[in-house]
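Below are two complexes that have chain A in common, paired first with chain B and then with chain C.
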Partner chain A sequence: MKNIFKEVVGGFYTLTVGMGITLREFFRKPVTVHYPRESLKMPERYRSHLIFTSNDDGSSKCIACNLCVKACPTDCIIVDGEKKEGEKKKSVTKYDLDFTRCSLCGACVEVCPTDAIVFSKRYNLAATDRQQFHIIDLCRDLEERNKKKAQ
Partner chain B sequence: MELHPVQSTGPQETFVLNLGPQHPATHGVLRVKLTMDGEFINDAVIVAGYVHREHEKMGENRPWDQFLPNTGRIDYLSAMMYTHAYVGAIERACGIEVPPRAEYVRVITSELNRIASHLVWWGAYLLDLGGMTPLLYAFDDREKILDLLEALTGARLTYCYYRVGGLAEDLDDGFVEGTREFVKEFRPRLKMFRRLVSENIIFRKRVEGIGIIDAEMCRKYGATGPMIRGAGIPNDVRRAEPYSVYPELDFEIPVDPAADSMARYKVRMEEMEQSLRIIEQCLDRLPEGPVMAKVPRVLKPPEGDYCYATEAARGRFEVRIVSTGKPVAHRVRLRTPCFGNLSLFEEAARGMMLADGIAMMGSLDLVIPDIDR
Partner chain C sequence: MTAAEPIRLLLFLVGVATFVGLNAAYLVWVERKGAGRFQRRAGPTEVGYAGLLQPIADAGKLMSKQLIVPPGADRVLFRLAPIMMMPPAIMAFALLPFSESLVGIDMNVGLIALFAFSSFNVIAVMLAGWSSRNKYGIISAARVVSQNVAYEIPMMLVIITVLMVSGTLSLTAIVDGQSGAFWNWNLFALASNPLMPVTFIIFFICMLSETNRAPFDMAEAESELVAGAYTEYAGMGFGVFFMAEYANIVIGCALAVVLFLGGWHSPVGVFPGVFWFLVKLYFMVFLVIWVRWTFPRTQFYGLLNLSWKILIPISIFTLLLSAVMIKLV
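Coming up: the complex of A and B.
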């Protein structure tokens, strides 16, 4: 009898302790960020899909050496390039990334001899059509960015 | 002797109940076929394999270092320790000496990862038992760890941060201070968790003395990690087969002989405390220097059979690689802890009430992709 009494009172006390903690938390500032209205800054090393870096004149640094293609574990890069007349190195004409298969491992970025590719910080990636992620055209992306900059 | 049939006292009827494949309490796509006698579990059959992705096969058809992103996706909650085992196996095979700074950083990030993993378990377990609030508190703290690791590695779950021979990148500027601050803030939070939940009478009534899994059963099914430590056996790879810099560090292996759900709960809570201690010591001793050893461009481990085990958040994770001296593995075997931990569910759940069975299953801390891999 005494034990039951002790258990009921002791048990009830533990519940009030819990209630006290939640009550105190209730008055703390919220820890969440209200996303569409405010958003966090992505850290320097954040990994989203690849983008090109560019030379000062806005062209890509990529020399179409295919090292990144070979390093990629999931074969999600297709690179094509051509040798323009009067230039020593090849220049890139096509760089397609299949983002549905990319595991964001970083092998391609590490292996690139000219630092032509980096991870972007675009995290708002959403589309109603899966096709949009099958081919992310890095060359076109660079052009668009250049155009925007020029404006 | 003549056998008499047992007299039935009422209608003897059993029915089959499917727990899963889509059930919140299984935390993934796992199906358990329960044969129920009223509220009691007569028999449980586990049907796994819904998320089988052939990780082992993938390891055998690509160059050694290209398997690294996969290692973070086996048990997505303790990606660091899994990558550690795989790179460790290759380093052992090739005889690569990892710089001390890299080893210390590996231990710090692994332990942070362990805390994050245990926090998810803590929140989700209490959610299984009907408490919503703890999950939110746990994720508040986990968020801080994930922010630290995100700034360091660029990803929040599938880090792919270790490389054969070291690390992908050195620490970023804010990491050491950020981690110190986290350790300082997290200690009182742990105490608060204890007062909020561990002593709560409703919680205690649901886990104390329930779901007994003794050492014998753990041995029979190969259950490791907090399962076997919760059965009173101080088996921890970090001490039993020391790797990395763990032998130099001072920490304890929490054990609890009670073998019930509460024992496993307590072991995990205590482990977080110990992880904090490990992190503090590593931060104090963190040496300067390079984080990457000289590693040949194309890895070709000499012919042979190599193993490397790490203590992941759920138990012993072991990688066995068989090399024939080629740039591609001959065999990659992954021994994951959750498979053993789950296997004993069939035996342990027999005769339990359904709700208690769920409470026991939660205390196993299952990650389904880790079972199916």
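Coming up: the complex of A and C.
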């Protein structure tokens, strides 16, 4: 008899505790992020495909030295460059990344003598077609970013 | 009966039908928003400002769907079940006293009539489950009947306790008996029954169970029975069940307000009338939503144990206690 009484009163007490907890959560800010409208900031060390860094004038820092191509374990980088007149260093004309083979190991970023390439934080990388990731053109990407900045 | 009486009743019916429809639509919105907030989500936000047009979009979707009768189902009963669900819910609204003057029919046996109407939905859910020829429906129908039989008893014992305190079956007279400040409410009628708050809690639990709300939503139990008795219903067939369910919640909450919380009377002395009735009503509705999103569903034997082993003994005890107190005082 005493046990039943204890069980009923104790049980009811635990129910009120639970309701107190949910009411406290009710008045707190929602923690969900409404994805297409707002998105989380990617962490500092997030690795997505390579992009160029640029000088102040918007040109690439890449000197087409081919060190990244040699460092790449899966041979997914193709670089071409030319020596413009009146300049000491070579400048890049073509930098294609085969993202279907890239394992984001970071050997290229580490080896780069001029810090011309970094990992981007682009994570909205959905496509209906695998072909879209065979060639990611870093030169064109830099041009497009410069254009956007100019506007 | 004067000549104006039928017109007044007709207008009241239109008003009640509107109230029930809007309530069902926007209680779904309140429920989803509340569920979101209790789980620290935002709830519906996309359709209209803060998702306010979501119920209208939902209604449009439900109405544009085909009404399918599954093969092997009992066609007549399958169609009849949602039709039987809605009218008792609307009829019960005619008896609720929203304020001194705003009441459809002030019957001297209003409380009994109200319970007769609100117990009707059990039959409708049972028919729906049985006629749809679906294993989930059958299980749900069996559950809903045993659940409602089990919870009708403590509910009635609690009602008798309140009746002995107020001494009348008329809903308006019960509310009139609680006029004045809030310590005159039946909830605080400690002089005639010191266990009145306990009685109120038992009434609330029974009300949750009678309206098939979580944690007692044995009839719907979506994680085990898909949607229970409503599994085979498509479009507005399902929509009608949904509307009637929310109408029943409002009726249950209104009954709690009338019987325990002083109906339309103001607790502090300002703004009497329909305003306070609705404030108390929606406070009760919020309580129902709050309970739903706090507790998980009980197991079925736990539900029956709660009724037969705990609620019925306690409510018999409070009944006897108030009988003795009233006799002595």
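Keep this in mind: the second predicted complex is superposed on the first by the 115 of 151 C-alpha atoms of A that agree within 3 Å, B and C clash if a C-alpha of one lies under 4 Å from a C-alpha of the other, contacts with A are read in each partner's own complex, and residues count from 1 in each chain.
Rule of thumb we're sticking to: a residue touches a chain if its C-beta (ideal position, glycine included) is under 8 Å from a C-beta of that chain, and two chains touch if they have at least 3 such contacts.
Fair warning: this is a prediction, and the values are worked out from it, not measured in the lab.
Look at A:Y46: by the touch rule set out above, it reaches chain B but stays clear of chain C. Once chain A of one complex is fitted onto chain A of the other, the partner contacts of A:T14 are limited to chain B, with no touch recorded for chain C. Residue contacts after overlaying the shared chain place A:L104 against chain B, while chain C stays out of touching range. Which of chain B and chain C touches more residues of chain A: that partner is B. By the touch criterion defined above, A:F119 lies against chain B but remains apart from chain C after alignment on the C-alpha atoms of chain A. When the two complexes are overlaid on their common chain A, residue A:T22 makes contact with chain B and with chain C alike. By the touch criterion defined above, A:P30 lies against chain C but remains apart from chain B after alignment on the C-alpha atoms of chain A.
Once chain A of one complex is fitted onto chain A of the other, the partner contacts of A:P73 are limited to chain B, with no touch recorded for chain C. Of the residues of chain A, those at positions 12, 15, 18, 21-22, 25, 31 touch chain B in one of the two structures and chain C in the other.
Put simply, chain B touches chain A in their complex at residues 62, 65-70, 73, 133, 137, 140, 143, 150-155, 158, 160, 168-169, 172, 192, 195-197, 199-202. Touching chain B in their complex are the following residues of chain A: 7, 10-12, 14-15, 17-18, 21-22, 25, 31, 43-47, 71-73, 103-107, 110, 119. The part of chain C that touches chain A in the complex is made up of residues 34, 36-42, 45, 201, 290-291, 293-295, 309-310, 314.
Within the complex formed with chain C, the chain A residues making contact are 4, 8, 12, 15, 18-19, 21-23, 25-26, 28-32, 34.
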